Each structure stands twice: as C-alpha cells, then as structure tokens.
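One structure follows; several queries about it will come next.
When the chains are written out, they are named A, B, C, D and E in that same order, and each has its own residue count from 1.
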C-alpha cells in the first residue's frame, strides 16, 4: 500500500500538450476519483501512473519511491483498461489468472482467486469462453476481473462499469466499495457516473483540458464547486446558470432580482463586472409565487421528472420527485432558497464566497 | 588413403563406369568418397569446386577439361603427377594434342579419361529412304537431302535449344566448310584476321541456313529429345556428339541398320574431340596423395578405359587398345582419331570447352546463339560481334 | 507427372507425354527411392531424403524462431535506431545468393564447419533471417499495443509476453513463415550442393544428379517419380501447417 | 512517443533485453550482408577470374560490363520481368487470398493447390511449362487440334517474347505464396470492422479495397519485399524454363552473374554485375523503405 | 422509414440458445429502447436486425419487406457498434464519410455531413486524426458520427453514450432526441442508462436471458412493471422487495402488516401462496411513525441521498432529496402510501393487479 504523489506532470503528443502540469497527492489507502470531460487526459494520466507511458516532465511517486521511470511490471499495479485489452487467445479464466501466474502464485491459489472474482462479477459461467464470444458487458467484467484477482499496491480503474446495466452496476459498485474497505488498497478510479463518483471516492479530482480544476472531497465538489466548470460538470441535469449584473449590493438578471443572503452579499463586494448565479435543478421548487415562467419540457425519468421552464432569467431546469402533473405551456412559479445559490465571477469563472 | 572425387557422371552408364573406377581403387585399399554434382554440363560442379578450394577443402580429383585445366593450374592448386605419368608412360600412349592439354608447364596435372567425337551426323535411314535422299557427305549434299526430307514432311534437322547445341552445329559447319586449319586459326587461336575473313562469313551463312531446316520448337529442347525425333523418324538427322548413340542403343536400335553415324558433312577427314579428364589437386595428407596417384594410374589403365568407354559411348583416349568389344561407330571414331592425329586435323571442340578459355568460349557461344536465334541478324553483324567476343580475356 | 512416373520406360519412349499409362507400375517409384544411381552410389534418393530432413527441420525451426523474436522486438519493443536496424537487415533480402557463395565458404572454412550439415544449417539460418524477420515484424505491427501494455501490467516480462501473448497470436504468420522457409530450404540447390559434405547432401542434389545426365539415356519415369518424392514433404507441410490459418485471432481484444 | 523524453525515459522504455535479442541477428546480417557487399565491391575492382584474387585493376570490370550487350539485355529483362512478375504475383495472390477468405468449404485443398507450385522442384516446373508453352506440344498445339488453327502462341521460342513466358511461369509459381501471406494477414483482422463496413453499405469488393487492404499495409509491404526479392533472384526459374535462351534473350542479372562468376571464370565481372544490381535495387528500395518505416512510426 | 417487425426470432451459438423467440413490433418512426442485463442478447438482436448475422429461426421485416436474409448493405441501416469498430486506417473524417461514399453521395455533400455531425458531437478538432490517437469517449463519438452522418431507414445504437461524461451525455441525448423528432427515423437503441431509456424511448423492451419480459411505453414499464424482474431492473436504487404471506385479505411479512388499498386486496384474492410486495426507494419517506428500523447506510449522491434501513421486513433503501441529517445507527420510521406498492405472485413472479 502506498500513497500516490503526482507532481507537475506534463505530457505532450508531438506538438499538442495533453496534460499541463497535474498535481495530485493522496494518502495511502485513499480512493481517488478522476472525472472530466471526454478527452481531458484521464486515461493518459492513468497510463503514466501505470508506467505504460512516461511523462514529458514531472514526477510520479508511489509510497516513498519515485517511479516515474520504473517499468510497469515492477510497480505492482493492477489496471482495468478503458478498451479492455483482453488477451484474445486466452479463456476468461486464463485472462483473470494471468497476472497471478506471472507473479508465481501457486495454481491452487490462482484457481481460488478466479472463482472468487468470477462470483463477484457474475461471470462464473463464462470462465471457459474466449473474449471473442462475450457480450460487451461481459468483456468489461472480465477486464475488471483481471485487476480484482490481484492484490496490488495500487488499483487503476478506467471507467470499469460503463457498459453494465444499472442493476449490475450498483452491485459492482458495492463490491468495489467493500473490497476497498477490506483491503484499503490505494485506488484511482475514472468514471462518468456521478453516483459512482460521489459514493466511492474519498477524493475527487475534476480535470479539464489537462488541468485539475478542483481537487477535494465529494461533498466539497458538489456543494462548493470551485469553478463554474466544476459546477456545471457535476450534477445532472446541469446546474442552471444565470448571468447577472450587480445592482447595488444585490444581483439582477433581465430585470429579475436574484435572492442573496448576507454572506453572499458581502462576498460579492469584491467582485467587479458580471456574476454568474447558479442553481441546481433539485433546489428549485414549484410554488404559487416566485420567478414566473412557462413550462417548455417535461421529462419523466421514473423516480423524478426534469422540468424545463422558460423564465425572464433564461431557461431553467428543475428536478422534481415523482410525476409532474402540469402540462407544457402552463404558467408556473419557481422558488429557491438563497443558501443554494452558487456565485461565480463571470470573468475568472472562479467561485465567489 | 582416401580420394574424394568430384564429377558429374551421375546416371545410368556413366555412373556404372565411375563405379568401376571406384572398385579398382577400393581393391587397392583406398576409400572413395563420391562427390557427384550433375547439371549444366558441369557448371554446378565448378561452382562447388571453387567454393571447396576457397574454403581450403579441395577434393583429390575433379572433372575438369580443356583450357580450364590451365586456368586452375595457374591458380597453383593442382598437383604434379609426373611420377605416375612417367611410370605409366603416358607420353607414349597419348596423342600429343591430348597430352598437351593435360600438362601445365610441361608437367602432367590431369589424367584423361575418354575421347568424344563431336562432329557426327546421325541419320535415320528409314526417313531418308522415304524422302529419297542420301546421307550427305558435304554441305551441298546436306542441303539437298534436307530439302528432300522437308518435301517428304519430315523435319530435316533435329535440334535442341542450349547454346552448346547451337555451337556443336556451328563448329561442325566451320570444320566442314573451312577445314581443320581454318578451324584452328579461327576458333582455337581466335585469330582476328581469320575471324574477319570471307571464309568465316561463308561459315556463318551456311550455319544460318541450317537453322531453316530445324523446327520452330527447338529452343529449350533437350538434345536427347532431339535425338528421339530422329529415332522415331520425325526428323531425318541430327548433328551431335557420339553420346547420342546411347539414346539409339537404349531404344533398341542397331548402328548401321536402324541408324547411321557418319562424320558431319565435309569433316570426314577431321575430328573434333572432347576429352574428359580428371585434374589432381594438391593434398596435404601423404596417404591421400598415394591414393590420388593410384587413381590417376587407374584412370589410364586399359581395363578402365575399356569399361568406361563402352558404357559412355566414347572411345578410349589411350592409343593402341583392343576395340573388339566396341561397335562400328566407335571403331570408326577410333580409327579417325588416330588418323587425324597424324594428319594434324584433330581439333578440340569449342562447344565442349576444349579449345579456348571459358570466358572467351562463353562470349563466342553467346554470339553464335544469338545469331542462330535472331532472324534479323545478318551474317556480317555476327562476324563483327564474333570478332569482338574473341577478344574477351 | 504422376502418370509419367507410373509408366514403364518403353511406354515413355513410345507414347506422347500426355497419354495415360497402360499398365501402371510403381517400379519407377521404387527405383527412385532406393536403387537409382546418383553417382557411383546407387542407393536412390533415400539417403538424400533423410539428409534433407535433418537439415531442413532445424534450419526452419531456428530461422523461424529468430525471425519471430526479431519481429517481436522490432515492432513492440522499439528503441532508438531499431527502425534503422530493421531497414538494414531488410536489405539483406536482396542479396543475390550467388554473391555470398565463395566468401561464405571461406568463413565456414575458418570455423571448421565447411562441408558439413552444421555449416549448411548455419547458412540457411543466416539467409533466412531477413525474410522471417520481415514477415513477423510486419504482422506484429498490427497486433494491438494495448495487449502488450496489459501484459506488462500483469507483471509479465519480455519473454513471458512473447510466449504467452504474442506467439499464440502469430499462428497464421507462423504458418506462412514455416511454409516459406521450408520450401526454400528444402528446394534449395545451390547452398545445398556447395556447403554440404559428401555424405550430407540434400535431396535436391540427389534429384539433380538423378535427373541430369550429360550423355546417357534419360529415364523420365524415374525422374518424375523422384521429383514427386522430393516434393512430397512440402506437400505434407502445406497440408498440415495450412490447417492453422485460423480466423479472427484478435477478436474481442480491444474496443476501438 | 514524445520526442523530448529525458534520457532516463528512453532507458526505461528500452531495457537491454530486447536489444540483446536482436543483436546477434543484427551482427550477423551486418557481417554477412554488408561485409559481403564490401567484399564483393572490392572483387569488382580486382582482376579476379577463376578464383578470388586481390590484384587491383580499378573500374575495368565496370567498363567491360558497360560494353556487354548481354548485360544490357539482362537489365532490360529485369525491368520487364520485374514489373510483370511483381505486379502479376501481387494481383493474383491477393485475388486468391480474398477468394479463399470467403469461408469456402474447399479452402484447405485449394490453399494447398495454390501453394504447391512453389514447392515443386524447378526441374519439374520448367519441364511442365516447356510443354505447355512450347508451340509444338502444348497450348498452341492443343488449340490447333481443337480446331483453332489460327491460334499461335510461340512466345517461348521467340527471343522478344520469351521473357513474358518467364514472367507468366514466375507468377504462377509464386502467387500461391503471396496468397498465403495475405491470407495470414486477413485472418488476423478483427471481423467487427468488416461488419461495420457492411452496415455502411459497402459491397464486398469495396470492403476489401477500402477497409481490409489498407489495414494490410504492413503485410503488403512484406509481400512486396519478398516478391521483389524473388524477382531479383529468379535464377532457377530462368534456368529451368529457358536457360537464358533463346540465345541470351531471357538472361537476368542473376543468371548473368552466375554465368560470369562460376561458368566462365570471370569472378570480377560477376562481382561488378552484382554491385551494379545491388545499387539499382538500393536506388529503388531505400526510398520506399524509408517512407514505409516513417509512416509506420505514426 | 419503415416499421420494424421481429417475429419469433431465435438464435443459437452451438448448443446454447441466446435468443429464445423474440417478438417485437414497432411502428414506422418509433423509437425503441432495448434494455436488459449484460449478456441478455441485445447486441445479438441488433446484429440480426442489421443483417450481420442470421437468426436460427424466425423472421425480421423492415417496412413490408422480409429482410431476414437480405445482406446488410441492402438494408439501408446505420449502426453504432458497442465495440465502436472504427476503421483504423482512416481518419475520423473518412470514417464518418465512408457510409455516404459507399452510397455515392457527392463529395461536397459528404463534407457537409461530416461538418454537421462533427459539430453536433464536438469532434471538429479531431477530424484529421486516426482512431488510434483518440480517447475512449472520442472514439465512441466517432462511432456515433458514422451513423448520424447518414439518413438511413433504420438507426441502431448499441450503448452509444456509455463512455461519455454526464454533461456530454445529456447534450448528446438531446441531439439524438432532436434528430429523431426531425427525421422520424425508426430507431432501436440499447442503453443501460435509465434516464436515456425513459426520456428517449417511445417504447421499451426489457429483455432477460433472450426473452422479452415486458414491452411497453416507458411509463408502463416504470409504473406497472409486468414482472418482478422488470420491477427490480428498472429504477436505481432497485425496488425494495418484501416477501409476504397472505393473512386474511391482507399481507404480513415477518409480523409486519403491509398496507394495501382495496383494488389490491381484491386482486390478491386469486393468488395462492406467497406474494412479493415491492416499494420503490423514492416512495419511502421518513416520518415519526410507520415501519420502524435502524439506519445502516447513508450514501449522498449530490442531489439526493440513498438511505438503507434495517427493518423487521428486511433491509429497505429509501431515496431522499438533498442531504440526510441523521446518523447511521439511529432509529427511524418509514412510511409509504399503498398506491405505490407493486405486488407480484412469488411463484410466477408476475404482477398481481
């Protein structure tokens, strides 16, 4: 088990710089979640941690040891590749056991490990198949199995559950959590699933274009997004953003006065220029008074419904539990409490207050 | 001791003949390591020989003939076998033309095996009878006969497609048209004046005329298939060395009755020879040198000369042998050999590498073949090219 | 060819080459195999045949193995200069074999393996390396790099990746290389005749000696039978090895 | 790979083992290929005749070569033959491979049948083709017997055309192997991209042309190399089929070289021919090699 | 545009039957969602619709035409493969344009289409790259682009958004919806994302082990799941299931009486044996009275929190909006309204009532 320390790591492919100085440090046994838009460099970072690629500059240490140039096989890392990278010539069982075999684990123990992960991943009946005869989700689970069979210093997961159905995903997520609680192996986990990110991670690093935008606990990230980008990126549907002008100590957008509390008011004192006023859809409620608007879209997702409303301050989406009884075209009023508002400086896009 | 012998007598009669030699040596307590490499009239064998010599691993004896012997001797790799030659009185039993070839700077370096006569004409009497032609003795008669054969729907001349076959025909024409002296001057000494002379032009024209009497499928044909055409009567005659006889005999034909052998037109008084010989290489091991000497002696021994040549269709190189067991063609050949040797009209065959060094030989053959195969080429052009080729060193 | 080899000599001489044998006989085959003369020895092709096997099997194995290793390194473990190295090796493909005969025999002479089976095998291996390397390298280029990465992560070293991942995925190209090398080596005449010893001569030399006569009667039926015998092992290799042209080796390996 | 990796990075990416593995073959090829090219180059400047000899004579051998009509014929033939043979073998081989790739039942048999020409000794191949191409025995004869009396096919015996026959026989002999190479590569391709192309509405020929073959590029490169190698070295083929004839109309540099060096005892001349040939090959191959390896890097 | 009609389609690989008689019929222009656990046969079904594979038995028609054995290229279908199957030798632009090129669309038009989808998928800057130099999500978008560039009779999407981040996914989902509204192209869409399934689909087919379990509108599926499997499979966290015994007209589980309304009571009349009583997590609320239990796990996901409670009737998960203030170990009470209960016959697992 070792802490992971990434210092000022840069990576270029030819002229384009993919990673622009990444700094991340986690404690031994922590569970780090990497999130960020497609193509921001998550997989690239993972493969440098794994030793499959070398940074153009910067260092990576695991525990006390600088591993930047250490060959992959000496790092004792297990990884789930985004592209699976299954050995097509081996059966599922052999794929899973390969890493153990290479580390000279006795046969009996290997078989036991295979059985264990096969049970965990529900692929017991597929053990004798070759990857070519598996479905997409089954392949992904084999890729997982290959990593989980081992007991490495560091786990790297690159979107390991993306091709699984929701039910299986919940189960797998629970298994991973359990495993982590038991073994306390330091883990880096890339995901696009907010639930995974929020429930699994001790810490989350939100990346964008090769730069870490915010690095903190899940709660930090969700309730105190450091930048407009993080605020919009985390949470689905995305946070509603209203560009507002200063009007005295308050804020006005398209003639609508936006509610603020005292803390926010004082924080705003130092900001020149426009301010972005953000509200998460789940913090909007429908009431008899408040910001008036017209219903433009109603999307039921089952347990809740996403409702889009056209208001004077722009289109806003609200997330309401259960069914929504009103019809598109009806007039409604939106309400919220100022504590839920997130404020960003429009110029720097940094959080205010 | 041990003798390793490189040769290309690999099949049928030849192999049997070589075995006789092997038996003789084994009787003397030597071991015989056979190194047979067939193909291309010894081309492959030469390649092997060279690399063996280069790797410092020469065989005891190798089948080399004609001027090639001199070239090898010049490289300083051949052994002096005067000891055997003296003891066996080779000078006495070999015609000078032949023994000269076997010597380098006056010392024997090789032992001759046999003599082939190259200037033979083989004819199918049946075919001639059908066409009402008679077996020719000079080139005018040849063309007359050829015309008649052609008229009777028989291919007049059977011919094959290697450059030595072309040249066999060419040298017979040269000998027949130009005579022995011309032949020697032009094709042995490669005298520029003679090559550029009118006789050569005539030779070339005559030669090209023969082409007209062959069938168009000749290129690429093996000589023995050409012989088979004569045997079957598809063709009337063939200009070929005495090895062709083997084909006739194997097909159950009798000389004089089913086929006739005569000297090529106009060459009855001359003899182009092709002598096979074994060059002896320098060896380090004493015992092997002894074996090598025994080999040389055995080659020239009358018993071997008889067995071998009976099998091969050629005649013994050793003069004054009893030829009772030989057939009429061989007997005629042997008689002509002695006679022409005296008359100084015994000439080496260029086609078979007896006359000129390989480089020049190759170049000349190239020209002759090209001339034969290229309808558009005039005799004059060929003459010019021939002269140039003769200068090849 | 087959028909001719089943004829007897009389029929060969009499008939057209394309006619069918009237009374098929295996005599020619028997003769070619065990009693035809190839020089002063009349043991047929049999000894040559075994020589060839002794030579071809190790030479093919060694050169194929070396080729696949080279290909593996040059495609999956590239280093500075490896492309240049490959290009330099590749040019060897174009070396005319005639050029190397003499110097090669000199070198073999130095090492004391001239005119021996070992020498011949060595020559074939050296001559084969450029093409086998070429085949494997260019095939391996197409294998997904991710597989190598995954295996490194799993703790596999250079050799283990080769043995466990790369080799199993190279079956088709292996077949091709085996076919190529076997055919070349089995049918090679020039090296065989030049570098072998008196009693290690390969079958092509035997066949050549048997079929090429400078001045005596040709036995076409025996020649043909001999040629057939000489060509049988290759047929065998083709049929056996050819089975392993399996399909879709990398199916399911990666997404993308 | 990035170009600016620090030295240690390179060290990590290439442990010594892989280098060690290729080192022997590399040393061997350096020694035998380049050592021998140099040796040969030197010989070409020497007076070597029957055996190698190191007396220096300058460029005399090249002058002789320049004047040699036979060598010029050989080079011209090389160009014609090379072009036809390489093109033909690639085209036929590729076609066969694609046909065989269609999951047909008799694949095993057909594959062997296609490959087999390569296996048969040139002695037999040569004889067979001689029959077929010989006007009096083979194709022409047959066609005329069938009543096409106007049919003539006398290329083999026509000095101007014989080289085409050699090319035909050459293609026949090596197409099978080309097929095998391509087939191997085809078998290594993941089916899923072919499926994607089907959905995209591509017909089978288009799929091969646009999707499959381009991804065979590296293998195409191997094949081209091997086929050109065969073309340059087609020694046996010529020997068996025409022996360089009629005359020396079908001589190729390889046969020329062999004849000079070994039959005629003009090693210097042969060496010069070899050098010229190698230089010609280099002039064509080196740029191709360069571009191919360049583009593979990406 | 054509309706899609799948009639009793079966497919076996060797001895194992993968599809066991699928019957699905949709109208021209409809949007069909296929969901089901990993390995249930969704991709297999798609590839038979696409003509990449032939059913072992059964027929498939598009429009009026039986296409069961029609080669793929004549079906005019565009498909996104789960494994992407990008052409590795072509650039992104060429990949996208290939399908048009094969249909002889003029060059100018092709380029326009490439630009259009590149904009839509935000991959404009990648057009000249080869797939090998793309990130996972970028590859997936190229795979999408290949399909979207065309204007086919039928779209087939096999988890086209699985590797995208939530934000992009929402945008893509909107684009797909828009595209479908505009072109009304019949579409079959495999997804594991409930939001996609519920918001995009006109109809959903829930598959399990090669059998269609329920086929209906999103609302049907969510509010009236036909089987216990569908009920558990759709919705995350999964529906809480309590096995209950009949007790007179009511139901009892582990001594707890479960609330029923009149309709349910009468529907239950016909059922012998045990009954499964299902409650969605979002229908559970915390109150001062009701079913008592102990808090065992609290998972905040951002907008809401999943709370697991140990009760006499088994462990139940509730989904509550926002933060949850109580601690693990505290005693709580769960309440729900009987209208939200789903009842299934324990033996047949079919819905009751």
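Rule of thumb we're sticking to: a residue touches a chain if its C-beta (ideal position, glycine included) is under 8 Å from a C-beta of that chain, and two chains touch if they have at least 3 such contacts.
Chain-to-protein mapping (UniProt): A, E = ABC transporter ATP-binding protein; C = Carbohydrate ABC transporter permease; D = Sugar ABC transporter permease.
For clarity, every value in this text was computed on a predicted model and none was experimentally measured.
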Which is the least count of steps on a path of touching chains running from subunit B to subunit E? 2
Among the chains, which is located farthest from subunit E on the basis of C-alpha centroids? B
Specify the chain pair with the maximum number of C-beta contact pairs. C-D
Between subunit A and subunit B, what distance separates the C-alpha centroids? Give it in angstrom. 93
What is the distance in Å between the mean C-alpha positions of subunit C and subunit D? 17
With centres defined as the mean C-alpha position, give me the subunit B-subunit D separation in Å. 37
Express in whole angstrom the distance between the two chain centres, defined as the mean CA positions of subunit A and subunit D. 56
Which subunit A residues reach two or more other chains? 13, 71, 82-83, 133-134
Residues of subunit B touching 2+ other chains? 40, 47, 50, 54
Check: subunit C positions touching at least 2 other chains come out as 101-102, 104, 157, 169, 189-190, 208, 211, 248-253, 255-256
Where on subunit C does subunit A make contact in their complex? 144, 146-147, 149-157, 160, 164-165, 168-169, 248-256
If you look only at subunit D, which of its residues touch subunit C in the complex? 10, 13-15, 17-19, 21-22, 25-26, 28-30, 32-37, 39-40, 52, 107-108, 111-112, 115-116, 118-124, 128, 131, 137, 177, 180-181, 183-185, 187-192, 215, 218-219, 221-222, 225-226, 228-229, 232-233, 235-236, 253-254, 257-258, 261-262, 267, 270-271, 274, 277-278, 281-282, 285-286, 289-290, 293, 296-297
Quick check: in the complex, which residue numbers of subunit E touch subunit C? 83-84, 86, 88, 131-132, 136, 139
Name, in rising order, each residue of subunit C that touches subunit B in their complex. 13, 36-42, 101-102, 104-106, 108-109, 114-115, 189-190, 193-195, 198-199, 205, 208-219
List the residues on subunit E that touch subunit A in their complex, please. 13, 35-39, 42-44, 82-83, 133-138, 140-141, 158-159, 162-170, 192-195, 198-199, 218-219, 222, 232-238, 280-282, 299-304, 319, 321-322
